[in-house]
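We call the chains A, B, C and D, going by the order they appear; numbering starts again at 1 in every chain.
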């Protein structure tokens, strides 16, 4: 509460200091994105469906889209858990930390777009790389948040070294795996998609296999 | 806070531990799904409506869709209350418990799709069984959450046996009723829909009739 | 926590007891509805707009829709404040109280539909009566919630008589005014719309005029 | 809790007093708006895209829309932080304060519409002035909230003078900058858009340059 004379710096001291509201808007944005993703699964048009087997075939035709949407739900789930983990460790927020997370949330809102791109153009390296870039920016923003929190002393002093090491290791290893999966599109984009789903299932399920924990 | 050397296991200890944020994203997803459901009721096109009686007839034509959407709002309401009840009983969350609930939420986001399917193809057993499967997965995920919470000691020790028995009995009886309702589609899908609505009204209204409480 | 042997009644004792989560899902549903309302204002098509005056005329053409959407935002705002007021007075929730509010929220999710109807068919008594019915059900559900809370002893005992009298008087007077406004559609639906907007502005602004406070 | 006999004034004393719920509905509306903004980036149609370079060109064609959406995300972020800052300073809410913020939220829900207008008609002064008006109303509503809070003694007495001075200075300087940016549309609307983005990046990043802090 220093420098009350200068106005702007004082305003900036007040601004963005609520961790609760940062968590609330994050949960809201993730919730809307997760729901809209699956809405992308369009109900088949009534005109083309006259029998039970027509409808069955229409559902089977939705499978490629369903895989992409499932992958994106996992993506959003993983980054929601990751952000929740980071926010649960910081003791307070400030305006810079809030804006780093708003940049993270901007990347979150782009996931439905990237998903729609990949669902429609699953053969395309441009679409795949755009999707990977989106994941890359998500990881980068989370890491930037943690590094900023480190320098601005937002983590509790007694835990800070353990926390930052765990977050760094997690982001580095995950982003390395995503990069390798993306590079598989040199051969075929469908390999990349399959490997990304496998990586994400590993993070979601966290099987008790020591080797995978080293990743 | 053990094992700070290993990184990943330590990260996983921190991850997904906030019950508040799990509740918040759940409320967000349920809220978006419930609202989008009823948006599925399309306002009649202006071109076909010249008189009051045209509009009245257009509203009457919306009735089959309205029944399906009403049923799905009840479905979402029932599972929202059920999840709220479970979350209010656990003392804390962890990453596995959080991911079981994210799987539950994935099934929640599929309800608008399943509803759209059933509203458009109410004559179809494929659509009905798809809808039933969605409800089945919702029940399964809730039960999996409760069973995991039991083994991971997330419930308070003094209440745990009573809580798990109440949850199990509720899931088993409800899923048995839904299964019977689904099987009626052997005769006619509309019977199934009618019985599902009746089951759900029973759970929503909870009439003070001892026989129904035994179900 | 009585009757742990019977299962269902015990389950129902646990169910729906969180006021916080009832408030959270309500805020979510109101937020989505309020946002989707104004999304109903379609951006003019690029094809018909070549000059500044084309765009100006296209904006002016949106005015009738804008009035309806403004009215519905006020409707949602009024009922959001009214529900918040009631929830802030009860000391706890139970499953029946929660389901009464879920019925209230079902009516809330219908407001975008009713608004779309009235925006497109503002000349129609059917559309106007459908809109009025929606407001009527909202008021009815709020009153049912308050009357149930009275009988189930959810209000604090020392304040209960003052609270219930204030809520009843508010619902009765507001619904009487809405009924009178609706009946004006015998002459012209646009009179009804104008009077409803006036009533709602009165409730939003709450001008310090004693006569209006008596209403 | 005075005047329990009069009903309405007593009702109005109870109404809208929850700061938590005002924050919650605000976060919900901002979350939905921020997500819907970026959904405005339509995935290219499959029919026009046969090769990787088709898709690349389709992405490049999206750039003008992407700039507008990025600008609007920043707008929403800035006003979300500003509202959060104000709400974190008031000690309590009342019904009038709540309604001023509902007017603010009405303007928030208009941002996706204004953004769609500007994305489609970026050459148009009408669209640009409509966008500026939306920002102007957002600033006006925030200032009205702060001025009302001042007169209704909602700020803590010991801090009130410093707080109101900081908020006023911030709103005046920001609105002055937006006005100057808008006036540039006398020459070219694209200059206005560029300058608005620059102003918003300044507020988001808050570079440690004393001159900019004076603005």
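Convention: a contact is a pair of C-beta atoms (placed from the backbone, for glycine too) under 8 Å apart; a residue touches a chain by one contact, two chains touch by 3 or more.
Keep in mind the model is a prediction, meaning the values are calculated, not measured.
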item: Same vs different contact residues, subunit A with subunit D, by half of numbers used; value: different
item: Centroid-based (C-alpha) most distant chain relative to subunit A; value: C
item: Chain centre separation in whole Å, for subunit D relative to subunit B (CA means); value: 35
item: Separation of mean Cα positions, subunit B and subunit A [Å, integer]; value: 25
item: Junction residues of subunit C, two or more chains touched; value: 24, 27-28, 31-32, 36
item: Partner subunit A, residues of subunit B touching it in the complex; value: 1, 4, 6-12, 14-18, 20-21, 24-25, 27-29, 31-33, 36, 95-96, 98-99, 102, 105-106, 109-110, 112-113, 116-117, 120-121, 124-127, 130
item: In the complex, subunit A residues that touch subunit B; value: 23-24, 27-28, 30-32, 34-39, 41, 43-44, 46, 49, 52, 55-56, 59, 70, 73, 77, 80-82, 84-85, 88-89, 159, 162-163, 165-167, 169-170, 204-206, 213-215
